[in-house]
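Report on one structure; see the data block that follows.
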């Protein structure tokens, strides 16, 4: 799972598929962090926008691919500016493909 | 956690509640996988839609229910056509009900 | 990870940052649970709204902060009325800051 | 719009004529045996000398209405030629404006009214229907339907059934003479009248879309619209307004309750029955995607309907003012009436209910707007609001057809209610042409339209079925028509 | 709208009259002791022979304005009867159009302007308010408020305060005579004038909604609107336009700055004070949900305001053209003025700022539009844009009332600025009726409206409080009014 | 709008005149050597006695068109003074309405048409452009551009190039005389004409925005609009409509194909070339955020265009009716033509395609609307729909400029197609002024506009570049202009 800048989604997807990852799921999220938000102004009232639009990428990969996937995401989502986001690795116990019932690596 | 086709959400919810699962959380997500996306066309420019609308269902259940819940989701979300989605099982260490402070199975 | 009522987001964020948590990610989700939904009415057709708007807060913290973070969220999101939501704790194996490549606690 | 020679026919031959019509229409054969007093038209054409000369500038009941008030003796012709009609810039200004208002009813009005009510995956496809229909009907009108509806067929006997081919491609539309129609001379140029009428021809098939929303093929829509505007709308418009045989029946229909609303409603019902219900009906949440769009649409329909109803006075006069007032009052009454019934029935006053009620009121007051007084309009609105609520909520569920957005429930039923109540509430103080009025006559007047529209709509659907096909595939329906048919999606 | 016999009253009796008014209004007792020169109305009624006969077709200052220009001698009456006023189709066409434009200001214009500014959970409830008000006021107008406002009370002394019951249920509205109002004869039918005025009666309470948005009960809204239109709007309209005692004061108000905008603004302020602020104000993000809706709303207000202001010439003439030009210029100037101040103050030029400025300009130029020249309009716009910015941004925060969408900040303050500046910039070259003008008179003219509107609005709120209740529960406010009150939600 | 003295010039001096114009314009020096028959204007001013007296009320070709039909002998002047022009309330009503309609084209029409097509992060900034331009151009028009475009320069030789300063700040705009322009006397007051023309001046720079959408600075937009309306729009309007040297060429342009559309299109192309493409073009998904907005916009453009084209008859007459009919038919044809080509080319009929085709048709029929018959309009629509599809889809990609929303592709190319085809299809039966017509003349008529607009637009962009700057930073472009420039965001 990674939180990245929205305009980097296509780069990340392309890099991952180039590395043989066949599926991933993205979600529009809002992130709070060191990156300063914008200010919105409405009839003199200023609202600090603490939450910035980010995209969460969830990709489940076989154990041996984890390191590479993290590295790929890191490289593809990198701009060097604050707010680039994070990659978090979680342990998935089991994966099942609904269509076929396949489990494990075959389900990915 | 499962990624399924949006129009299967109600079926999945009904099956799960029938099995005694009292709560679940869904998120609108976009999925990339084997299923081919549509093409959007705007003044001659074609955009391949790589990400298809999916729904992520997150349901935390007691350990002994996991197997059944996976099976229930699989059955209810099944259409047999490509793009049906996946079920992923993750380990939840702890659950707390905010209203009461209950933890563990009682919190679900 | 916590599922909370949308209007409690700011309170939760403020409490967490007060406790030194520097980043978090939120997602608009819909929750199904004990809380009864509203009914929508359109030309005589009634639709029971089973899914209520909730916000999912994802915050990755160092192991020693977990207990405190859970408690903070519980306190800040509490109203005492049904539907307050849950906190779930999951184990994150690894965290990487995309901008710098830092990992572990330094990445949070 | 022009309440033509309505008050001459006696009840007997009329009802016999209608009986054969019902039969004949069922067989798709035009009856020719019953004259139905079409011959009174020339007499009715001459403006009554007294009215025309005594109040030339006042124009209260206007040339539009005056033929009906004229004694059918034919002796007034000389007086008429002594005070020839001229083009009046004020009347023309109002009719140009009215044409713009009625076009605005369809795009963006109706497009938004319907577009807001469907599910989000179908909103582009739904508004595209109104837009495409506007374009298609414009061309059929240009090519042939104006001529069929309003052409003056040189053969009087054929003219009772269609206007002939003389104005195909808008040939012979005059640039310099005041327009003459069915023996009456108006105060506006023919191009303006032609444009105004075109906007009615556009909205009618667009109303039908409410019945088959969320499942009709776009190719079928184009073919259906073309054929329907030629074989359903144009003949009926001719029979009622263009000098055809229905105009002589004595039916009061000021602005098109029959030609537009009952016609569209019945066609919608046939479409809903033939197509079958949407997949998931009764199970999936089919809540409107955006009631703000629906509110904009209802509002533009309301505002634009001033062009529809007050414009049907064909001039800027007191009758137009009265029609506008009646429109406003009936619409407000119906909005509140639908709301009240819903509040009582479902414990909740909804915006969709108020908007639907408003449209029901607009529909119901359409035939009545230039005949009744404001109190009559109030009653029409109150009854239409409650009546259409019942039809959209109860009738539809009782009979289990899927009239998705209630084209029949609102336009068919509302039009019918309005047609009957015009017979109850017509007031000669507002319009002398409404002196003779009867609910029975009004009822009979609807029957011809219902039968013809029902039967020919069904035949056209069959033609589409075996050429373009009617309904999208199940997969397309699930995916949504926006992407499936148009390769477009909402990105907000 | 009709700049009626404004220039006859001398300053002395006027200000004494007003003093008693202020007092009397506070006590909700109508003063009857001061004649206030209502008797000059008949003299003002006769169109000046010279103007009326020399330029019958030119109609530059028009019959609407001419009464004010007539010498108040009464000697012109014979000339007037020698050249009787007639209904003019061109004037009627423009007034029919204007009625449609002003209705469009409320639905969908104002509904969208306000609907875009609230939070997403309240957008349906907010647009539903404008829609419901349109329906409710239409019926009160039909039943009684037209008569109260514009009826000719047979008793001259009572007529100074209300129009009586003669036109209840729109009884006695004439189909054939040019309309006569407060002694002047217009060139349009009464039904058209009645409809045009109705659209003003509709928009005024709809403007008030901006002050109590996001927390008012829907049932309270219906009751409030009904009572307010009867007891606040109708009397004030009568006093100013219907022949009542304020019309004779010499106050210049071309299109309703006082009756509509100051009135609505003051009522809004009272509502905001009585209801208290929205839950979460100052803490929660209350950013507008959809500024595109607000932009559409502001644009339709702008376009529709041509009907409001240019329509107030009650004819298609040069005065209408000048009013349209002034409207356009003041609006543009105010939009840029608000934007400039905001740019300087907050470093950002916002769309909401431009839209708000435009509305402020429209409001401020309303009383002035038919009296000032374009340079005057420019100044009015520039001052109103900056002034309303100050009131919406600074005044509101200083006094901590929650005028949610700035009904008072824009309409109250803008209306006041416009009323005063009309006294500064009136130019007799545009409208002879504006020859005598004074800021003091203008100020006095506002006071009566402010007092009456403030006091009676408060009383009506109290009635609502103890019947329907005023405010939704806290839970409903959190959930959002869309679901809580209407069982509807946006699904996009 | 007024198809002025078009048919007098002979081909020879005209083409020589244009050759030097092209040269001179390139050097930004105004040619003064070629009289170009501007002196015929006074002769053309007198309404032809026969037409004017035989059909005073009919007004079929109207005073607007009649000057062109008048023999340039000057002998008709006595007849004209014997039957002096008067202000006509009907014509005035229609022109007031038309001004409202054309303003509605820009706000909210064009704002939504463009706003729906950009990405969601730029929608507020895009609609803000149309709104701000409306305000800015209103003030430049008031201050100077009305005078430059339509003032009557006391010096006849200078008048061939600009209207002078006499009407700066709208000084000397008359309240009581029918308006006279370029020697012709109209039937409406000057204020009305001034307002109507202002709405054209507003929409033209707003059209240009389509070319630089999603990357232009807001400050640059304000400066650009101000300069462009003064140095590009106003002079060209004067040359063609205000009595300047282009009006005498014999070019047929009924409602502004050249002044408005070719002008805006060419300026847009220059902007797109100077600014360069949007970041991510060809890689990022730049799909329209909300095609419902675009549909509303296209619909309001369509409806409002009746004011644009039928309003250009400057009266409520048969020519207005014919122009309205032609507009409707060409638009419908172009919508279906674009759709058909797209269906064949991309296998999908899109809503955006139909809407774009409709606008292409509206653009192309603009110069032709008052000259051709409906069959001509049909052909213009069919060709424009297909032609603009080609330019928006193929030409743009072939030459790799980023005309974001196809300002050049639709308005430039569509305007050009329409200008040429007017020379093919003009029909004297619709408008006698179109008797002499030639594609070559039409082509020449475009050249002056293209050269002047191209060169001066470029110079203005350079001024902006070195003062306000032109383009937002890359970071702002990524973040979106809504937040970056206006501190606002869509929250739905």
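Should a chain be cited, it is by its letter among A, B, C, D, E and F, assigned in written order, with residues numbered from 1 in that chain.
In this text, contacts are C-beta pairs under 8 Å (C-beta built on N, C-alpha and C of every residue); 3 or more make two chains touch, one makes a residue touch a chain.
None of these values were measured; they are calculated from a predicted model.
Undergrad: Please find the path from chain C to chain D through touching chains that uses the fewest steps, and give that number.
TA: Shortest path length, in steps: 1.
Undergrad: Over half of the residue-numbered contact pairs in common: that is the test. Which of B-D, A-F or C-D passes it against A-E?
TA: The chain pair with the recurring interface is C-D.
Undergrad: For the two copies chain B and chain A, is the contact made of the same residues on each side, with over half of the numbers shared, or of different residues?
TA: Because under half of the interface numbers appear in both copies, chain B and chain A meet with different residues.
Undergrad: At what distance in angstrom does the C-alpha mean of chain F lie from that of chain D?
TA: Computed from C-alpha means, the inter-chain centre distance equals 35 Å.
Undergrad: How far is the middle of chain B from the middle of chain F, if each middle is the mean of its Cα atoms, in Å?
TA: Centre-to-centre distance between chain B and chain F: 55 Å.
Undergrad: If you average the CA atoms of chain B and of chain C, how many Å lie between those two points?
TA: 18
Undergrad: Of all the residues in chain D, which ones touch at least 2 other chains?
TA: Residue numbers touching two or more other chains: 88-91, 93-94, 97, 287-288, 296, 316, 346, 348, 350, 352, 487-490, 492.
Undergrad: Quick check on chain A: which residues sit in contact with 2+ other chains?
TA: As it turns out, chain A has residues touching two or more other chains at 27, 40-42, 90-91.
Undergrad: Just spell out which pairs of chains touch, all of them.
TA: A-B, A-C, A-E, A-F, B-C, B-D, B-F, C-D, C-E, D-E, D-F, E-F
Undergrad: Over in the complex, which chain E residues touch chain F? Could you list them?
TA: That would be residues 55, 57-61, 88-91, 93-94, 97, 101, 119-120, 287-292, 295-296, 298-300, 302-303, 306-307, 310, 315-322, 324-325, 328-329, 331-333, 335-336, 339, 346, 348-352, 354-355, 358, 373-375, 378, 429-430, 490, 492 of chain E.
Undergrad: Using the touch rule from the top, collect the residues of chain E that touch chain A in their complex.
TA: Its residues touching chain A are 285-288, 342, 345-346, 348, 350, 352-353, 356, 389, 392-394, 397, 406.
Undergrad: Quick one: in the complex, what on chain A touches chain B?
TA: Chain A reaches chain B through residues 13, 17, 22-27, 58, 60, 90-99, 101, 107-108.
Undergrad: In their shared complex, at which residues does chain F touch chain E?
TA: 86-94, 96-97, 99-100, 103-104, 107-108, 111-112, 115, 123-125, 127-128, 131-132, 134-136, 138-139, 142, 169-170, 173-176, 178, 188-192, 194-195, 198, 218, 290, 293, 296, 316, 485-492
Undergrad: Applying the document's contact rule, which stretches of chain A touch chain F when the two form their complex?
TA: Touch list, chain A to chain F: 7, 10, 38-42, 49.
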